[in-house]
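Okay, so chain A shows up in both of these, paired with chain B first and chain C after.
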Partner chain A sequence: MSTLNKPEETLNGATSLQGSDSLQPTDSDVLLEIRNLTKHYPIRKKMFSRQPAGAVRAVDGVSLSIKRGETIGIVGESGCGKSTTGRAVLRLVEPTAGEIRFEGTDIRALNPEQLRKFRTNMQMVFQDPYASLDPRWTVRQILEEPLRTHETIGQKELEDRIDSLMETVGLSPYHASRFPHEFSGGQRQRVGIARALALNPRFIVCDEPVSALDVSIQSQVLNLMQDLQQQLGLTYMFISHDLSVVRFISDRVGVMYLGKLVELAPTAEMFAEPLHPYTKALMSAVPQPDPDALRDRIVLKGDVPSPANPPSGCAFHTRCPVATERCRAELPELKTYGNRQVACHLYA
Partner chain B sequence: MTAELLEVSGLRTEFVTGGGVIRAVDGIDLKISRGETLGIVGESGCGKSITSLSIMQLLPKKIGRIAAGEIRFKGEDLVRKSARDIRRVRGNRMAMIFQEPMTSLNPVIRIGRQVAESARYHLKIGRKEAELLSIEMLRKVGISRPEQIVKQYPHELSGGMRQRVMIAMAMVCKPELLIADEPTTALDVTIQAQILDLMRELQQEEGTAILMITHDLGVVAEMCDRVVVMYAGQVVEETDVRTLFRSPQHPYTQGLLDSLPQLSEGRERLASIPGQVPNPLELPPGCRFAPRCPVKMRQCEESAPELLSTESGHQCRCFLRQMEKEAVGS
Partner chain C sequence: MSETATTLVPNPVPQPSAQVAAAKRQTFTRLLMKNRLAMLGFGFIIIWTILAIIAPLVAPYGPTLTDTASKLQAPNAAHWFGTDNFGRDVLSRVLYGARISIWTGLIAVAISFCIGVPLGGIAAYYGGRIGNVIMRLMDILLAFPSLVLSMAIAASIGAGLTSAMIAVGVVGIPEFARLMYGQTISLKEKEYIEASRAIGVKDKVILFRHILPNALAPLLVQATLGMGFAILTASSLSFLGLGVKPPIAEWGAMIAEGREYIISGQWWLVTFPGLGIATAILGFNLLGDGLRDVLDPRLRSGK
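Entry: the complex of A and B
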């Protein structure tokens, strides 16, 4: 544990960068400020053609600020842009437009070398623990890589760090010489978490970290993530399609539909009273593990439209049970009502 | 003829692997009556999918085999039937839908032909008639513009549409038993709700019995009449759906239900089951759940408990419940 709590050492790079780049004073509570984040993937009509014929609007103007030590959950269905948002925040995919400020540092303005150094602050845990660990590397090699890349430490210290990382995530240090295939899904995800923790990051994007796991294992990993957050003061962006998991882990929840944030609210309030018609439908669609649960389900018709050709006005109007003429014509903005935000003409 | 549509008794399915023989399913009994929905729940590797493949006689030929047991469908034992006789039943009187609608549809054959294939084979109808039938089936599963969809290929459809096509394919001969192996796991929740609704509607219309295999306890609560809980190749508990959620008896079922994060509850620490599912090549000598069980006794590590049932038909494989019962009895 002791080796993990040395923030000064690894954050040096960050603090120096911050001094040079923070133009405006930032709210000390806010760790990450995202403004109008956009990622469009061009569609080319002909192969090798330079002229894009259009764009898939994977993320289309997402703004949110993430407070220090909080967990912000992002939910939505396949193709809503939640994973792309997570990746764009870390610049694992290059955003098309927008602003991302990490404690005042404009991440989009960093050059590749600065970005590489800055990544010690921000890490990611991926969905599929089978695909995100190199099958030819032992767990020791997997955990060593970030340490060797970013820090100059001796062999002895390196081994101590790896042992303590393994213990932190509930694995025995003795397992470090094994290969990923020798572990179960839950243990592999622990390795993925240990790798993300290796450089003492402050912010972790977790992209569906428990979706590939069985329920009994899922709860072990969720508990672990919550413990680590408390011990190490981490801030999470937790991306998931599973509403009950998001409810468990998050302080605030953002709901995405077709690349846009349609609602953002503190978890308890969101689940007590969803405002956006899409959030309502999404919540009512989740099967409850209770045979006597009341089911006034809102069944949405049809599929999510293509993000290459989103509907006019409010993107949800094609499936919305309460859509009006105005929704077809005019795009609702994400407006603030008290401590929550919603993008719907119903509340204007 | 018995009242049961399907009766599986003592089913044991084995796989021959490099490391030895794996008993993926180890002595399972199941009963499904007409029009009923039976759920099988359990985690990865518990044998629930292998059970369904055994019933359909779709085990991989070279490595998998049914080592013992009977599978009686309408009184006739499928295990002892010839491949030809099985083909008369499969796709006709019983049909199956799979988890991944992309990989279980043929990518190079048009939707219309795939939907009507089993009808052409079993009902001996012509091509024209088959096309009309597939259009009718697609309309029935809620696909708009079926006349155009029959001419399309699977990749042109969304995941939800493909799963509707799978259901249309399975229902085309009006089977008496539909086996659904994780039918909505690959789908988004709003699409899942549509598909579950559709399955319920079709069941009411046609009186089909459904064997629902899933890991999602929410889907079980919503769809099933009775539930079988499997662990490491065995049934550990069986009861009606209400009793399962109200008063689960087996410590594994209890752990499973406790570890669910609930949509209707606040944020606290989740209960979890320590450890993991045992390696099928190194099963514990006593109760298979003993290494992870919070209430295990010495007896549990030494001998294996039997699946015993109470008067109400609630079955449970646990020494603790047996002791309680004996204490009440004496």
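Entry: the complex of A and C
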């Protein structure tokens, strides 16, 4: 990852330690710094009251720094806020609070027009390749859209760019004039990836990009994404509920529960020794290929609590097998231990 | 696993895409053709449109040509539909009336469409206060009976063909706005719209190039049904004296002029323009229903 650094960028690191809360990049490796990202959806109960009756805390104070060229996996159950996190980082949903710095640029401070231009830096690959391509547009039109939006280029160059984009993702340019419904799911997802790549972004949020695909196609698409990352020096935020997929593609994994990041660690360490009780339960649910292997299956009791009314203290204490009094009362902070972070009183 | 780099060929689809699209269009036309009522409606529309266009060629007399010597004649060989109290040929007037009615319908629907659709789209896409203000305005327009509202508008602009067109067009705006509003609300949550936003496409481009084409089917149905409504309302305005000025041949005005003669037995004065209105509206309504059945089976009424 660090091969991408230019020498002058490492100099910035030295000046960055003024004030612990300032968001100066502490590390020149950092591409994206997310601090206390929050997205609350107001609930209006009464028809004419201006005052919201509460809020669904979809994302509740997520802090994360993403290094250049790495893939950070975000896992969690459905409804834990992982997709909202990805969208809030790109400001596809407007965050309620928090800071997002992309190489020092505060994304939340950009006005709509600046943001529109800034979007060339960061793109998104969507979950459902059947819903993410306009059914009335041909593949050529779909791929032209980003180029026409941000660049003024001639017809000839436009066609060359689209041909090479399609080749990059393993599609034949011959099929550019077809409509999305004429392609298979995997091919459609390749079109989605090509569209995200069209503007040469550096950061791509991948929101469950393979979960709508057949398992055999999943590996093809994952390999493609990995190849592209190496060729183009991309940084991924890879959102998924599939632990094996995340294990395969990620350098680091973040685990989310009820809108909060509960654990963040390098992939190998996370899978070898999960720290947070929730992560342990999650890992124990992964099927093992070896039928004789010893398995401690941790089955969680109850349902995920409502994010509109999260439990006091540690949000996980209602289902945690090792919860104590302290967990009910006090919210554990995400603390750093070596190269990993965990939010649990067990490790305080 | 590096074979993914090699170019994949999409599923063997036997026909090239032009043919696939043609096939889709074929099923659409075939379904519509199979709908006999829709075809009947389409027939009425075609006949009236052609007659309206070639009216000067086929009309036996001028529409305003008076001949007091032969006034109030019952239908006969020289005047198939009879003559009115000024001796004007009713057939010729009905044919010329078709020009005005269809033209009025087209312009009025165009006004409703071109104002209502952007309003509904903007209201739904931006939502919030702008959306609320726009849609509540539409609700206010909808709260008035359409004929009363169009009368009020036509009367305030002043009688005339143009003001009738405007009045009928304005009355039709909320229908299109609401339809587009609903379509946009559901479409704007689609991932391909979000993808365009992620790319940084401008809002107006998203609205016009992504949302409008995907919302077009129900809007077309509404436009077709709206033609019938517009023709009826415009005729009503003329009947009430708020539409075209007297010498001009218009179906509603003809009925108004002829209505005194029903009692004295001159039925042809009101019957033929009445049939004109009825068949033209029937045509548009039948075609509109048929289009809806074919384009959007979910909207099908419980038949």
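Note that the second predicted complex is superposed on the first by the 314 of 348 C-alpha atoms of A that agree within 3 Å, B and C clash if a C-alpha of one lies under 4 Å from a C-alpha of the other, contacts with A are read in each partner's own complex, and residues count from 1 in each chain.
Convention: a residue touches a chain if its C-beta (ideal position, glycine included) is under 8 Å from a C-beta of that chain, and two chains touch if they have at least 3 such contacts.
Treat the numbers as computed from the prediction; the structure is a model and nothing was measured.
**Q** Answer with first, second, both or neither: which of chain B and chain C does A:223 touch in the superposed model?
**A** A:223 contacts both chain B and chain C.
**Q** So in the superposed three-chain picture, is A:341 touching just chain B, just chain C, both, or none of them (first/second/both/neither)?
**A** Touch partners of A:341: none, neither chain B nor chain C.
**Q** Taking the superposition on A as described, I'd like to know which of chain B and chain C A:149 touches: first, second, both or neither.
**A** second
**Q** Quick check on the superposed pair: does A:84 touch chain B, chain C, both, or neither? Answer first, second, both or neither.
**A** A:84 sits against neither chain B nor chain C.
**Q** Would you check which partner chain A:244 touches, where first means chain B only, second means chain C only, and both and neither mean what they say?
**A** first
**Q** For A:171, is the partner it touches chain B (first), chain C (second), both, or none of the two (neither)?
**A** second
**Q** So in the superposed three-chain picture, is A:184 touching just chain B, just chain C, both, or none of them (first/second/both/neither)?
**A** In the superposition, A:184 touches chain B and chain C alike.
**Q** After lining up the shared chain so the two structures overlap, which partner does A:123 touch, if you call chain B first and chain C second: first, second, both or neither?
**A** A:123 contacts chain C only, not chain B.
**Q** Taking the superposition on A as described, I'd like to know which of chain B and chain C A:105 touches: first, second, both or neither.
**A** It touches nothing on chain B or chain C.
**Q** Report, in rising order, the residues of chain A that make contact with chain B in one complex and with chain C in the other.
**A** Touching chain B in the first complex and chain C in the second, residues 184, 187, 219-220, 223 of chain A appear in both lists.
**Q** For the complex, give me every residue of chain B touching chain A.
**A** Residues 43-44, 158-161, 188-194, 196-197, 215-222, 241-242, 245, 255-257, 259-264, 266-267, 269-274, 276-277.
**Q** Quick check on the complex: what are the chain A residues that touch chain C?
**A** Result: residues 87, 90, 92, 115-120, 123-124, 126-128, 131-136, 138, 145-146, 149-150, 167, 170-172, 175, 177-179, 182-184, 187, 190, 192, 195, 199, 219-220, 223-224, 227 of chain A touch chain C.
**Q** Write out the stretch or stretches of chain C touching chain A in their complex.
**A** Against chain A, the touching part of chain C is residues 1-2, 4-11, 13, 17, 20-21, 190-192, 194-202, 205, 210, 213-214.
**Q** Give the list of chain A residues in touch with chain B in this complex.
**A** My answer: residues 77-78, 184-187, 214-220, 222-223, 226, 241, 243-245, 247-249, 267-268, 271, 281-293, 295, 297, 299-300, 303-304.
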